[in-house]
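Got some structures for you, see below.
Look for subunit A in each of the two complexes below; its partner is subunit B in the first and subunit C in the second.
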Partner chain A sequence: MTSPATDADFLLRLDEIIAAHKGREGPLLPILHDVQAEWGHVPEEAQPVLAEALGMTRAEVHGVVSFYHDFRDHPHGRHVLRLCRAEACQSMGAEALAEEVRTALGIDWHETTPDGRLTLEPVFCLGLCACAPSAQMGDRLLGRANLAKVQKLVAEAGA
Partner chain B sequence: MKVWVPLDAAARALGADEVAEALGREFTVTRNGTRGMIWLEPLVEVERDGVRHGYGPVAPEDAASVAEAIRTGGEHPLALGPVEELPWMKAQTRLTFARVGVIDPLSVAEYEAHGGLAGLRRAIGIGPEKIVEEVTESGLRGRGGAGFPTGIKWKTVAGAKAPRKYIVCNADEGDSGSFADRMLMEGDPLVLIEGMAIAGIATGAVQGYVYIRSEYPDAIRLMEAAIGKARQAGILGQSVLGSDHAYGMEVRVGAGAYVCGEETSLLNSLEGKRGVVRAKPPIPALEGFLGRPTVVNNVISLASVPWILTHGGAEYAKLGIGRSKGTIPIQIAGNVKYGGLFEAAFGMSLRQIIEEIGGGTASGRPVKAAQVGGPLGSYIPHWNFDVPFGYEELATKEGLLGHAGITVFDDTADMLKLARFAMEFCAVESCGKCTPCRIGSIRGVETIDRIAQGDETGIPILTDLCNTMKWGSLCALGGFAPFPVMSALTHFPDDFSGRREPRKEAAE
Partner chain C sequence: MKDFIIPDRDMGTPAVKSDVTVNLIVDGIPVSVPAGTSVMRAAAVAGISVPKLCATDHVSAFGSCRLCVVQIDGMRGLPASCTTPVTEGMVVHTQTDEVAQIRKGVMELYISDHPLDCLTCAANGDCELQDMAGAVGLREVRYEPGANHFARRDAEGPNPEYRPKDQSNPYFTFDPAKCIVCSRCVRACEEVQGTFALTIEGRGFDSRVSAGMASDSFLSSDCVSCGACVQVCPTATLIENSVIQIGTPEHIVKTTCAYCGVGCSFDAHMRGEEVVRMVPSKDGKANHGHSCVKGRFAWGYATHRERQTQPMVRERITDPWRVVTWDEALDFAASRLRQAQADFGRDAIGVITSSRCTNEETYLVQKLARAVFHNNNTDTCARVCHSPTGYGLKTTFGTSAGTHDFDSVDETDLALVIGANPTDGHPVFASRLRKRLREGAGLIVLDPRQIDLLNSPHMGEGLHLPLRPGTNVAVLTAMAHVIVAEKLYDEAFIRERCDWDEFLAYAEFLLDPRHAPEEVEKLSKVPAELIRKAARAYAAAPRASIYYGLGVTEHSQGSTTVMAIANLAMLTGNIGEPGTGVNPLRGQNNVQGSCDMGSFPHEYPGYRHVSDPEARAIYERAWGVELSPEPGLRIPNMFDEALAGRFKGLYCQGEDIVQSDPDTRHVTSALAAMDIVIVQDLFLNETANYAHVFLPGSSFLEKNGTFTNAERRINMVRRAMTPKNGYEDWEVTQLLANRMGAAWSYTHPREIMAEIALTTPSFAGVSYDLLDREGSVQWPCNDKAPLGTPVMHIDGFVRGRGKFVHTEYVATEERTGARFPLLLTTGRILSQYNVGAQTRRTENVVWHPEDILEIHPSDAENRGIREGDWVRVASRSGDTSLRAHITERVAPGVVYTTFHHPTTQANVVTTDNSDWATNCPEFKVTAVQVSPSNGPSEWQEEYRHHSDLARRILPTAAE
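Entry: the complex of A and B
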């Protein structure tokens, strides 16, 4: 991945995102969500720009980015498969399913397949606790998930 | 012919989108919320002579044959008959969830036709003081877990002098086994908007925020769309339903931090800070969002208010037991045959809920324990299931009502592993502000690992550590993580001793 730091388009787009939220009460999280939606992660180069614009220190912005599980400092795969690891899913065999999926994909939690296609992430509850175990990929949700259903979901997502 | 296919995330996870698409080629399909019978999802409904008949669970491959049955009125193995007559539906007292699964969640007209906005209209008529009186009289307590009386909170905010006050809805429903908030926001988002507008009028707040966790993209989308509809309909804006009251609201999205379900860290997060817990006092009712008086209420608390205002607080208080008044949406989850949401007056026993309503385990094996109230709730062993479902009643069994989610486990559950998970989860999600939670949870994982390797000298250390966390932590995360751990250890000591031997259950 090349660094977008000196890219004029990067700064232009970042300014647009900041401008869209700056008037709101507590604008940083909405800005970070948009930044991540735009670049797939929160580029480190964005942090001083955000700090300047919002009257915060760089340390404060970094503190916020690093606090939340959602915000990433590097891009993930083109698709993110999330398997629920919380108690309701555990009661229906989520742990065994996770083991099978990790073996089938050849990656561990937080890892991306070598072709950059898929990242595997744990999630603690999707609110699908009455049809556990559950999984999510993009807009698609899976209830009563098993290895075959997960593999079908992954295959249907294409490249 | 009117046909409904739910858009609820649980129904979608079981193939509702494909079913809706298939049926949409032939019929006009309305996407409703779920009725809460998740084991019947996707539940397709069709109106015949003014009565809604159900088919379920309709897998995508069943869509064609169900379409034919709808068209011809013929028999079908998945036909359920009139939905409202199903025992699960008839046994409920659906007040807060009355419209969920019934209406198109984004239709203001259907919302009104099913009793919506009556509470807000009455609230405008009687004014702030009387609204707070009604809510106080109803006995409504925080449905997010803390159980604080809603009326008292509102009174505090109403009495606070400030240029700007806020209503913040806590929709950071991170507890496993809980999905009532999600189901309500997806199935009847307008009732939450109505409840928040009433709270605004009662307290003098003109702005509201719904803080929804990022793991709920469907709820976020529907809530945002519903706010747009409410603005167009004049429910929100400079003049709420033509009154002198202004009230606006917006959705804010969390970023994957469980601790932000704690009200003070939620407020920090909303302000754009790290979701670190604040010490209390000052209480948020006096110094909340941006240091101003703020009502922080859970989704279900706020969504219960329109019914209370429509029918009166006294009517609501007639239901329930002891100091647990009204109804509670019980979420039956995990290893259970009939999982879903069941709204009933407080007071049913856990046994009734799990065995009669839930039908026992999905695996067909005996129930071992149930975790009530999320990851910080106790594991209640099956021999204590006669406890009535209520705030104080569960506390007598060292239990926690929490979000009223019940996760059922069968006899293969390894309580040591579940105790370890509670500590691991606490370590991952700790905000880091206080030492008992931040360090204690990590030591907890290590100590349980020692016990798992057969070192039983770890057991008294774990007990001592739990005691320190329970009394020394700043908020409920570190303070309550010991509950699942200690309940597992106390009720199932055999799962913690003799770990050098292979476990019997695991051999099956």
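Entry: the complex of A and C
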């Protein structure tokens, strides 16, 4: 995988994103969201550029990026499946479900299928405790999840 | 145990200033502290140590370790004492059963993820985690071994959480296995140093200290190796490599750093006569516990293998050196000096004093010239750096020194930085200034180059006036023009403290249209609007300060620039109060002191002219000799006289004039024309290539004495080890003087200081007893100010009324033209110091192994120069070759380099232009041409050849 930083318009696009938010209070997080939306992850090469533009250092930007699990340092698959692993879901069999899903997909946590379609991520609480265990596929939420429902969701998403 | 080694007790949180006092009771002991103080610090004031891990008085409280919880009557729960401020009548209990249980539980958690290899750990005996485990009575860890960060491998294979040591920095090691993630290092890097090179990455169990980004190491990150993180680390996670190699120190010698003019106080942590580490003293009044990479780590030169410890002589400078006894060397030196005087007259010999040596040593060297040579041929390297400061500030204010102490920066609202690069040249001061900038103070930078200070993290927008080298006077006068034209001056101050009529005359001069920003823009290339903005900001700030460096003085109009600066301060009333002032950032550790001590040919100690009969009478009485009322030769005059065949002998202590003075070829041919050149130094420096006698010098770790820093602060230097050469430098000067017939009998530098105090009014109150008691004092120190003077000119100028001197801009004769279209300006870099004799002999070379030419992309493109290419820099004086770095930090038409490396010899290129008043060389402006080249120039090859020949040493008979 080549880094997007080698693209000719990488810096141009980055500057546009920075310019769109620079005047805001606390501009770093909205900028990082846009960066991730643009390239699917936050390329390390972007961090010094952001730091320079915002009067910060690259260490600080790295601290923020690495703090949030949803900011990624490499691109994920085209779709992301999240399985909740928090307490309520655990009590309703989330661990066993996760085991089944991992076996069915042939990938472990944080991994992407070889065809690049799907990445599996753990999540800690989707706010669906009443219908645990829960899962999320893109923007779609799934309650009372089981392997069949998850596989259906995956198939529907074309992943 | 940490306190056993560090006697400055850690009070847990920083001191707070407040007019309100709060009374409370801690463990039954009543204590009064300023409002805003933490409970932890109040307890420490009462003599009670509350257990802590994340708290230290170097940085503000953080409240993360939860070890410092206490019980406070009337408060719910157990608050952290570090983040809880005191209140009136508070009753605190630092030791209760509940508190003890919590602390033990917290320690158990910490230790469950920490290796138990204390006996073989480098921090053994100097570890706060170890201390705290003892303090809370930890006896067992109930947690089962599980996921951890310290084991290389577990039963199932390599531990994915384990990260190896980062040994990329040459001076310290980062071992993540020992980290307790207290964030002290991150906070010190931010709050104390202001570099923000460190962060905590991840969160929860994944939290780690990270230098820079994921792909960075300590070396590749923004880290400047100041050592603040190592100093605050409570464990062995960040620790000096010297401690890993040697072990814990057993005693401390308090002394003063021998690098720049900030004059940081240091604790030399010793084992026997070996330095284990240098740690900045918290009670140091210039540095308050902070340091830079040079003072903290770059002291290895003192024991470097190239250090010469034996005297040597030779008939001719082309001969190899012969190692001889001290007797033979001194006899040889004395007889040749006397011979030169016999053949060519009394004025045929002279001395150059050192700004690296102590006040006492400098005093003796100038005394040697005046009392033993019977002439005033003494000068010092300040000639080539801050002599215009002395002249300019004496003329306008009445004193040849900066007006304020460094603490004053904490109260400034705006700093105008002119021709200085504090983050590289005066790093500890820069850290203090950056702290103030983060608190909201404004910044204006007048410099041809975009200096790092302008890119300080988390400061507001700085104003950069990128002027063309050599146009300082024009721009400063234009700023004064704006202040007068827009009536932004402080009339009350001027009427009270200066001469109103003189002001009116100056105002008329300023209002001439030739001083308007629009006119000045044409010469300086600084947009007029930027000049106006800067002038308005400086005049509007309630307390504005000026800090300047060699970019002001090393010009043909250096003295005029200093006076233009003084005028700005007087116009706006920015003198006499904390947060204001005019402060030169002096280059060398004791350049202020060497000037104070009468190193200049026209002035006795305390800046009294040699023609002044009263001053002369004092020294004639004290020294028992008749003294010459005629000023002696300045350094450039010595060279000119040497080339004319009239100046034949030079005693040069601790200075490398061949590398540091301009127009190297002129200097070397002058030295080659002399009969006797005596060099006293740690190393066979470049000047020694032209010497007949080499007297080995002693390092600052090997001598007693005092240094005076840029804020006039006299700091003690204390002997930590026996001189490797056998003598402290002042003893060598005394031996030489006595060889020439003097009968000096000093047995300790304190006796020399007593003589200085006796004969110099501004030093009258100074004594070693006072310095030992107070730590340091700032001159003037006498009956009127028995403990010294932090801020000068408070109620009136020393000279009476402040003087406005008209500052007409006169362009330097050094102009660009078809042959030499670019302007070269020179400077320095953080990791190297001056001619590099010391820092080149330390691991600091990893940061700056060679001098580099900075050139703007458009100038580079025109010449077909690519990044890293060898280029030839030529001026009308000479040429040299070095590698190019292409950067927009310099403006088009300007190129920049450093002068740290003798293989480059940047000063081959600089010219003999100099300041009209003081002869300070115009290092900062040289018209040059830059062209691609294949490698070192002919001069560099020739010089290397001579240098190799001149450094040969004959094997001694014994071998």
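Points worth noting:
Convention: the second predicted complex is superposed on the first by the 156 of 159 C-alpha atoms of A that agree within 3 Å, B and C clash if a C-alpha of one lies under 4 Å from a C-alpha of the other, contacts with A are read in each partner's own complex, and residues count from 1 in each chain.
Basically, contacts are C-beta pairs under 8 Å (C-beta built on N, C-alpha and C of every residue); 3 or more make two chains touch, one makes a residue touch a chain.
Bear in mind that the values here come from a model prediction, so they are computed numbers and not experimental data.
Overlap between subunit B and subunit C is detected when the two structures are superposed via subunit A. Counted by residues of subunit A touched, the larger count belongs to B, out of subunit B and subunit C. Judged by the touch definition given at the top, the superposed model places A:88 against subunit B, while subunit C stays out of reach.
In the superposition on chain A, A:143 makes contact with subunit B only, while subunit C stays out of contact range.
Shared-chain residue A:73: touches subunit C; no touch with subunit B. Of the two partner chains placed by the overlay, only subunit B lies in contact with A:33; subunit C stays clear of it.
Of the two partner chains, neither subunit B nor subunit C is touched by A:116.
Of the two partner chains, both subunit B and subunit C are touched by A:63.
Contacts of A:134 after superposition on the shared chain: subunit B is touched, whereas subunit C is not. Common to the subunit B and subunit C interfaces on subunit A are residues 60, 63, 67. Of all residues in subunit A, those touching subunit C in their complex are 44, 47-48, 52, 55-63, 66-67, 73. Of all residues in subunit B, only 9-10, 12-14, 38-39, 41, 173-179, 181-183, 207, 214-217, 252-258, 269-276, 289-290, 331-336, 339-341, 362, 371, 375, 405, 407-410, 413, 418, 421, 425, 429, 431 touch subunit A in the complex they form.
Residues 25-30, 32-33, 54, 60, 63-64, 67-71, 86-92, 123-132, 134, 136, 139, 141-144 of subunit A are the ones that touch subunit B when the two sit in their complex. Residues 195-203, 210-216, 221-222, 455, 457-459 of subunit C are the ones touching subunit A in the complex.
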